[in-house]
């Protein structure tokens, strides 16, 4: 009986097995994520980051090995709604107001109306958009939409947050701002985060550990431990930070040239 | 649906109870016309409006026809209790397996003409050779085909058959050389139209007509049809049929004597061919197709029936001559007897066709 | 080889569905026996096709001529109008909403008028109905394809100092191809309906429209449905032909689609 | 917004007037050729005939709206308005039923891929069946077999069913597109909430399909009018624009203006229903800040 | 008579002038670009970077001031086909093969078939895709497409290259790789480049000068001179590079908070 937030054990994933277009997306992945950790997956395009995240979310099944989330099977965790999820595109529903978007998972979990409204209010406070509850997503900027998406993924207080390039579509300044917001929320809510990104500085800035993956078939190449203490604006200009950036880059280079 | 098989059970009572103090319960009857309301059906509308049907215990709903509505099918499928249909258009479905029967042959003559302009040189059927000959199809073409054959022409080779529009424009435009026309409708329409060359209405002299009655290939037109199975199995339905035919013929006799009143009735029920003059013309011509009826109105004329069947079989319209059940005269005869008992003239021996003013546009 | 197999497998579902529909139809009529003969069982319809083969075939050929010629003219006019409209900004702003609302006019109502205009006997009156009915979807879709181009692609061409016509030829027309073919597929079935309904209002008698109405008028419903079937077959053939044309005209597009299908 | 609408109305009006001038101009041209006995083969073959019987003067057509029709005490304009209401009722029912049926088909096909593969071709093929072939079936079955309904079957409802045959199709096809329009990550989001198929349908697929649905409804609204008109011609009901058009076609020879006027009436009705749906679309989508699709 | 590659003089751009939705996109921009320079425009979203680039390309007209390219009016330069252009999305034409895409500008300039084919071959060599000439763009990865777009923009050897976030859609490793490619081509062909980007490291890594712009209305806030010498992989881990990154970030911060 493990207390790991996530335990991926020798998990493999082959798409279109046996067909001419077979893809070996993941090969014997072993990874454990501790409670409260912030873990980042980075690697070249197509190396299987999203696939690994989706295995953890039980949105797809491993073709080998197994995935445990909070000590139970990933599928059970999905059914128990143990995690929240956010994607590159905010993926808000245009036809729902911001509040209603945040209430969506709560509705599906059968919360009462009053509870839902109250929680949506709290979440909007958390992401600093209290006055936008009644707006439709199209009235919000990209960064604000992404914040709503995060609020939605946190609304039912999952202890695990899975994020697939959530800031990929934002411009650099907005992105840095969102990173700080996410770290603040993370430290306030003590959530475990598994975060996929393409950006080396983002990975280095956010995580406690950076998992560097190699492609074809997707494997874990290196894990870079990061310990930059409390992040602030200064961290981004800190030589220690640049060092970690370089370390991750080197690891990626090695993966690419292999 | 409108039909109500069980409702016919009240028919007998209704017929018997007419004298009672209590208002009798009326039998509901649905009549399917072959076309939209116009003087062609004046007798039935008159019978509704003047209460002839009510007098015999019937509550008649008249259902208008449409292009794709085949009265025989509606009747057979139970969509109506009685239907008005031309004889060929009843016999063919019967051969196809619809068990319907002609219970009253109202029209004793055919109203179908082939009309041409006088200057086209078409004076007889022979002259149609090599011409564009319009017809409507829907069974209206059989007389034409038979006429052509009788003149030694091949309908599929010696003339060009044209699916005619539903008006006379194609004839005026010269698209076709001879157009099919009902004497009571399209022919009048031509006469109600201004001749662009003269600025006056077209005159009968401007036109030549081929009348299939004269050629000898006329087929019987409007008749009342009923469901043969029900007639056999259901005595009430048969009684209703007698009552229905009786009141309908009474309507026609009334229209013979009061053509203007009947025209007004038809216009009143909302004929889409609004023009009162046009309906008056139609009333007059339709009367001439019915009257005189030497054998009694509604009673099948065996010679004309034989001619109709003969043409139909020789044209391959019918595979073989219909069996005896295709028509029956007992119902019409019973109705005629009832009418005679009421002192109504059922033969119209003294009938002469009236004269009706043509008005531009039939208005 | 694998491609052919794959295509075969993809077409099994429609074939199975077709068999189920036909057998179900036949059985339903057999068991329910609704009478009235109005909707004949498939076996009767097939029988009627063979029985009246030459009549049905001639009618299908005559109506097919109207359908194909009307379709071709309608497509040409629609494309030409779309090209014209996209060349002029005002025209584009004005004519497209106009065409959309004119598309709401029940064109069928024009059939009797066209008979008067072009003559009852002339194929033109029936072709005109097909042309008008085909025109709108082709025009609207093609115009959409010609205008909904990535602005950066236009700017790229402008940066090469390319003229309007060059831009139309190199960017707008290829971009409009998928839109055009979508409309063309829609138009094939429209053309079939249009021709048959137009024939209903007059024209030559040895065509599908009269065959349907005349047979139905005499309660020979199996014959009528044999003619309906012939119309459906013409529509189906045109649809398949359009698909083949599309594959020839846009190899780049189909290659993309094949990928999507395998996913 | 308001400005744009006004602009479009003005443009439309100008276009209509221009069409009127084009019509009259061509007519005058054709007649002068006729008068001079020039032989222009195009006039009267590729181009329409221009005499008053075939191209009645515009003013006559317009005047006809205000002419009291024989056998009634109403002007043609008034009659056409009443017929329009009759047709509108048929079309509205057909539209409603067609939308429900179309959406039902779309949902079934969205639910199952093999079903989509198998049935979609037949849904498409169904549209090549001419309405005139199904009209008698519907009318007769309606009268005969629909006794189980709580209200009595009226013939105009048969016409509605015929209209349904035209309306369900765009709704089914576009509805399917709409139901399949959510991005994969949105579907995965619902899956991550362990949402059932029904929950995904109601909370994601259906709302996502709304813009597609409106695009379909615009087509369907028009199609329902066409269906009602053709149905009326076929089925013999006691009213409606279709019947009016058909009857005016029958007496065209004595009054071509009446047919033209009736066709104009049907055009107005078609455009009217189109605009109604477009208006509702703007209202609904605009409120949610969503874009219309075409 | 200036020898500047580009000279923007007090140029302003107002969209929808006089209407309710008037946007003051650029205000009195002064900027000269010397021959052979690599200049980067950076700034928050909507500050007018693309607009400035399009003014230089004469794809839009200034509402005030003027723009000269190679000593003549921008419009004349456009008609003379003095510059090549590349956008964020590769913007290749799906319906043309890779070779045909590269040949497009040459076709428009009336090159003979033989010359075009030869030049397309050379260009494919340059961007290291020699074997892909016959493929359609949809068969290429995003990075490969972007390389084809660059080949296309260079095909007729323009002495000025205008690029609007050409690498925005690529993942970080591919992006760094493309940056190196671009620098190689730049040094080989002695082209002048005006380059728009959102990425601070990209700006610092590529340019001789980074132009930092401020929004509403778009103005040039600061120009950061960069002199990192010949770039190589090591440059990215060089403290001097991090310094420049920090300098650009600070300038951007200042602009944002203003």
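Letters are used for the chains, namely A, B, C, D and E, taken in the order the chains are written, and counting of residues starts over at 1 for each.
Operating definition for what follows: a contact is a pair of C-beta atoms (placed from the backbone, for glycine too) under 8 Å apart; a residue touches a chain by one contact, two chains touch by 3 or more.
What you see is a predicted model, and the numbers here were worked out from it, not measured in a lab.
By the touch criterion stated at the start, how many steps lie between chain B and chain E on the shortest route?
Each step joins two touching chains, and the minimum needed here is 2.
Just to be sure I understand the contacts, which chains border both chain E and chain D?
Neighbours common to chain D and chain E are A, C.
Starting from the Cα centroid of chain E, hunt down the chain whose centroid lies farthest away.
B
Look at the interfaces A-D and C-D and say which one is made up of more C-beta pairs in contact.
C-D
Could you please state the distance in Å, as a whole number, between where the Cα atoms of chain B are centred and where those of chain C are centred?
That pair's centroid distance is 41 Å.
At what distance in angstrom does the C-alpha mean of chain D lie from that of chain B?
Here chain B and chain D have centroids separated by 35 Å.
Averaged over CA atoms, how far is the centre of chain C from the centre of chain E? Could you give it in whole Å?
Chain centroid spacing, chain C to chain E, equals 47 Å.
Could you list the positions in chain A whose residues touch two or more of the other chains?
As it turns out, chain A has no residue touching two or more other chains.
Going through chain D residue by residue, note those that touch at least 2 other chains and give them in order.
Residues 49, 53-54, 132, 136, 140, 144-145, 249, 252, 256 of chain D each touch two or more of the other chains.
On chain C, where are the residues touching two or more other chains?
If we look for residues of chain C contacting two or more partner chains, we find 36, 38, 112, 116, 119, 122, 200-201, 209, 213, 216.
Please output the residues of chain D touching chain B within their complex, sorted ascending.
The contact residues of chain D facing chain B are 49, 51-54, 69-72, 132, 135-136, 139-140, 142-147, 153, 155, 232-238, 243-244, 246-247, 249-256.
Tell me, which parts of chain C touch chain E in their complex?
Of all residues in chain C, those touching chain E are 150, 152-153, 155-162, 166, 170-171, 174, 177, 250-253, 255-256, 259.
In the complex of these two chains, what residues of chain C are touching chain B?
Against chain B, the touching part of chain C is residues 35-38, 112, 115-116, 119-122, 199-207, 209-210, 213-214, 216-220.
If we count contacts the way the header does, which residues on chain E are in touch with chain C in the complex?
54, 57, 59, 78-81, 83-85, 87-89, 91, 93-95, 104-105, 108-109, 136-139, 162
Could you pull out which chain D residues touch chain A in their complex?
183, 185-186, 188-189, 191-195, 199, 203-204, 207-208, 210, 288-290
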